[in-house]
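Multiple structures are listed underneath, in structure tokens.
Two complexes come next, and they have one chain in common, chain A, joined by chain B in the first and chain C in the second.
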Partner chain A sequence: MSVSAKNIDRGDIVGARQHRHGRWAIYLFLIIVCLVQLVPFWLAICQSTKPSSDMSSTLVPRLTNIQWSNFTQAVTEGGILRAILNSVIITLGATVLTCVIGAMAAYPLARRPTRGNKFVSSFILALMMIPPLSILVPLYTFLVRIGGVNSYWGPILVLATSNLPLAIFLYTAFIRSIPSSIDEAGMMDGAGPMRIFFTLILPLLKPVTATVVIMTGVGVWNEYALSSYLLTDQSMQTIAPRVASFFAAQSSNLGVGAAAALMAALPIIIAYMFLQRYFIAGMVAGAEK
Partner chain B sequence: MARQQSTGQQSTGRPHAWASRFHGAKINLFYVPALILLIIFLVYPLISGFMISLTSWDGYNPQRLFVGVTNYGTLFRDANFRMTLVNTLIYGVGSTIIQQILGLALALMLNQKIKGRTLMRAIIYLPALVSAVIMGTMYYFIFQYQQGALNTILVALGLDRVVWFQNPHNAVLIIVLVNSFQFVGTSMIIYLAGLQGMDRSVVEAASLDGATGWKMFINITLPMLMPAFTTSVVLNLIGGLKLFDVIKVLTGGGPGYSTNSVSTYISIQYFDNQNAGYAAAMGVVLFLIIALVTTLLNKGLDKLNWQS
Partner chain C sequence: MKALQRTMAALLCCTSLVGLASCGSASDANSLEVMTGMATGSAQLKVMQQLARGFEKQHPGVRINLLSGTNSYEQDIRVRLAGRNPPDIWNTHGWSRDRYAAFLEPLQNRPWASRLNTLMNIPMRTKSGAFYALPLDVAVTGIVYNKDVLSKAGVDPRSITSWDDFDKACAAVTASGNSCIGASGKETWTGGNLLDFPAPGLFTTAQLTALQNGTFDDKPFRALSDMVQRWSKKKFFNVDYVSATNDDVARSVALNKTAFVFQSNGFAITAQQYNPKVRLGFIAFPASTGSRYLVSGEDYALGVAKDSPRKKLALEFLDYIAEAKNISRFTAVANNASAFKDVKSSLGVMQSSYDYWVTRRHTRIIPIFDRVYLPNGMWSTLTTTADGLISGQITAPQAVSQISTSFVSLYRKKA
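Right after this comes the complex of A and B.
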């Protein structure tokens, strides 16, 4: 221990000059990357504060006499607030459905690992490989037939289902780590599987539920490919398709498009600021399936 | 019903052996709702899509004419489809390479004790959280012709404006870059998690043996990051092969069909050209490509993990 400490100390002294240069280069590089990541937001802010008649540079925002008209127009004509409400409804619906149905499905798959159930598990996992656009034609046709286009329940069911495999996988892994003695205690008290699951197991699933909520919530909130075809009615559209169609319609008026994009990005940025730790933990857990 | 003995079933998972004695087969009812949803909204469309791909259906007519595998034959003679296939591979592989190099570099830098690293991590990850469509709209302000940032700078320097999306090669490159930068934070976070999960004792032992700098990185850090590498590559490659949102916002697949991915080309053939049968055939091909890549990648990278 003391030897290694000495080694590290000496290494620091020997490499001190080189080290300092390296540190500057690292800082410079990191700051450039951060700026690159912020540029789109900056440009959107610049555009959104100007009327389309303003021909001044688009690289600096207006600081005085800011034109809020772009924002009001995005709300009145673009229906951005309505779209945010639609996104809240569909995201909530899909997320709750994914969590409840996913956790329930995971219970027997974790607790009763028969050969049949193992097959069911790997079957569900394999469904994760289906890209949404590969089933666009049949899915759209089917939803038109059952009246699920331009409804809330259609996209809720579709998007909950596409998030189910990952949710079931995460819940199964988590339930396996819960000692079976908890179920056993419930049995002793004469509780059936329903009661054991809902009163004993479900309350223990909070950490993994946080992960599933973030994965599903962010995914559904941002979903565009399917939503843009399932929701074509302006009053039913969620934010991603709404901003895209509004932006396409307002191609000559960049300021309004920028205002709409900023307002659409804001809810998730605010959520991220407050729940950063959970977002990152959820992302990592979801990726390392 | 819980006390019902379940006989004749195998229970292999050791710690749960007792549980299967208590939980009868009826407990399997718990996954029935999930299976119903998955079958209705994933499995049925997949099968129905294959059936539609064997017809010349336009998407509206109640009559669907069976044409066998004609659509698949047309597919491989369609120069536009070949181009979208190449684009899809460029989007997938290009983004994956950029994101691994940049993501790993950022993770290594931000794993050190640097002032403001929490803020920098948050900033770099931020675009990955915003919908690709909305980010795409904002990235558009960099490349827009009249008021875009790049052309504003060119004009200020006394140069002519450039139509950034006019040349298909440029347009494809811009889409790869935009997609890579938007999601580079995801790779960075995965590598950071890998670095933080590294076994300290191995690192210390190596430094006792005199390993420093590059030697340490190549022989110790890199092999220990292999699981993170696998995760990140699979995630980025599949994300790139499925690319849809950014293309729709930045170029709409144009000029002509030159920047389409298979995903966007499917939507164009279905909704714009009323070729539902043909679009469904492309959907089947897209599914096969993703399934094949995922399976091969998982197998190949597992082997790599095993060897290191």
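Right after this comes the complex of A and C.
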């Protein structure tokens, strides 16, 4: 073997070793990130298994005499199962509306870059800058007048509206990347704008729709600030305000609150485990064209 | 493609149906909405639920919808009032007279009004004798202490007659390895009490009158700020102040690790959740301008919205709660003084302190300082200022300047 070949081999070995070390560093980093992510769940498990009079460390769960009454109380007194159902209905409603209206609004904005449409696009983008809570009182007053408080449709409309600007922005950007020759081909075959949209464009929007579904769905599922004002009736409340109701200024119920939070997180964890592939595909969809 | 279209159409239909289905859920003439401000599963809410069921039994067809509260209860009420959609009845959490009176039905002519304890006159009645909420209990508050922590430090709580004595007691507690004062940086109202409760003992009567007339005097506020800053510098506060919640403070007291808290007697209920055997008591506040005192304030109290379309029914519900056999059920879980003459106070672990200071020594009882002498909105300034002092972010002179600026601005607004 020549000297230069030996040097190359040694270089390969050193490179492979560095590569292996780098991989271990990445694994270590990922393990730490995973552990950090699991800390709240761990604390909730520890807390929910104990009666409030248990003075042992909050980091150690109970293995015997588990306080199952925390979970039963979360269901019977806290109505957490009903809250999960309410969250599912509101999340589903708001997400569907956001996707349908967002895609339909984005189509003409992307296809006809007139001065008016450019202004409308900028205006919709500007709406993203308004914090929803800054319009809380007029919004609440309006919803009271039209009977939208303590209903499903009130929060669905409000949450869909607050998610629409971002959805329209994403859909507009995506539709612009679809060649307009597809629309022209449809027109040649005699299809109108609605038919072109539903038959030709909509099926191509699957990747960006996945992104919008995830962003809107997760946002609405976890939403607390607006829901706590719009849904005050226990039978209509979603998960976040229901869990918050275990913690008041003058009294609180930590164990039952932790049990309720764990039960509320369960559906989304199960959904994620089964639909992981689609979630990840949806998350990266916005990056590809 | 058709499948996709069908799915979307089906989902849209479902959404519309759900919306329509809930259209008929508006409250009717026989349904009362009560905002309790009490946590789900709490002893207080459970009693309220029992009372509501009892009333429903007596009034077939009537439904009482009890809403639990969260930490943002005050904002919830504000939004509902601003939206002109107040609940029929709500817990006025200390503000029936000074904040919500304009929205509430006066109650001095109700049949139970003559049975009310005179203790509630100070915090709840106006000069003309009107009051706007049914008090479920009355808070009579001193400095809450843990007997075992003080005993370990060799401190007799009743020997604390001045703030200098309090400092010495704190030094002894700290030397024994425990925290002297428990407060929560996450729930800054616990710190706000440190500027609020001791204040009346540092002002002369003339200074208090001047304060009510809009004249701000630096000296007493400087003394108050110096005191809190000194406690902070001497490390008398719990070391986890910044990250601690009030539950953490209660847990620390329950574990016999903290000696004093500046909170109402209801604190004992939270501490006893963690340790039913914790031994607590309270002492009167030291005063440099008069005799020692206790602070009295409105606690749980229910007011009826004056514009409620179900006002008659709401007033009947309050009448039902005010019946001696019913109100005594709430008093038993409130851990405070009774609001009614014919209902015995039930302060649990605090009863002996109450008997000593109120029944035996007839300690003077005065209203909560900020509610009477400071313009509306100052409470927020007190909490942030106390937080700054405890965490060392501001000095005592800066604290006084902060309070002064806020006082002048809010007083002008009020005027």
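In the analysis below, the second predicted complex is superposed on the first by the 218 of 289 C-alpha atoms of A that agree within 3 Å, B and C clash if a C-alpha of one lies under 4 Å from a C-alpha of the other, contacts with A are read in each partner's own complex, and residues count from 1 in each chain.
Please note the rule applied: contacts are C-beta pairs under 8 Å (C-beta built on N, C-alpha and C of every residue); 3 or more make two chains touch, one makes a residue touch a chain.
Keep in mind the model is a prediction, meaning the values are calculated, not measured.
Chain A has more of its residues touched by B than by the other of chain B and chain C. Within the superposed three-chain model, A:Leu43 lies in touch with chain B and out of touch with chain C [touch as defined at top].
By the touch criterion defined above, A:Ile101 reaches chain B but does not reach chain C. After overlaying the two complexes on the shared chain, residue contacts for A:Leu92 are found with chain C alone; chain B is out of touch.
Once chain A of one complex is fitted onto chain A of the other, the partner contacts of A:Tyr272 are limited to chain B, with no touch recorded for chain C.
Shared-chain residue A:Ser151: touches chain C; no touch with chain B. Judged by the touch definition given at the top, the superposed model places A:Tyr229 against both chain B and chain C.
Residues common to the contacts of chain A with chain B and with chain C across the two structures: 136-137, 140-141, 228-229, 241, 244, 247, 254.
Considering their complex, residues 3-4, 7-8, 11, 26-27, 29-30, 33-34, 36-41, 43-44, 46-47, 57-59, 101-102, 104-117, 120, 124, 127, 129-142, 157-158, 160-162, 164-165, 168, 176, 180, 183-184, 187, 191-193, 196-197, 218, 221-225, 228-229, 239-241, 243-244, 247, 254, 257-258, 260-261, 264-265, 268-269, 272, 276, 279-280, 283-284, 287-288 of chain A touch chain B.
Residues 52-53, 55, 73, 77-78, 89, 92-93, 96-97, 100, 136-137, 140-141, 144, 147, 149-153, 156, 198-199, 202-203, 228-229, 232-234, 236, 241-242, 244-254, 256 of chain A are the ones that touch chain C when the two sit in their complex.
Of all residues in chain C, only 1, 4-5, 8, 11-12, 14-15, 18-23, 25-26, 35, 37-44, 65, 67-74, 76, 79-80, 82-85, 93, 187, 189, 247, 251, 254-255, 266, 269-270, 273-276, 300 touch chain A in the complex they form.
Chain contact summary for the complex, chain B toward chain A: residues 1-3, 9-13, 15-16, 18-20, 22-23, 25-31, 33-35, 37-38, 40-46, 48-49, 52, 59, 102, 105-106, 109-110, 112, 114, 120, 122-127, 129-135, 137-139, 141-142, 144, 147-149, 152-153, 156, 181, 185-186, 189-190, 193, 204, 207-208, 212, 227, 231-232, 235, 238, 241-242, 244-245, 248-249, 262-263, 266-267, 270-271, 276, 279-280, 283-284, 286-287, 290-291, 294.
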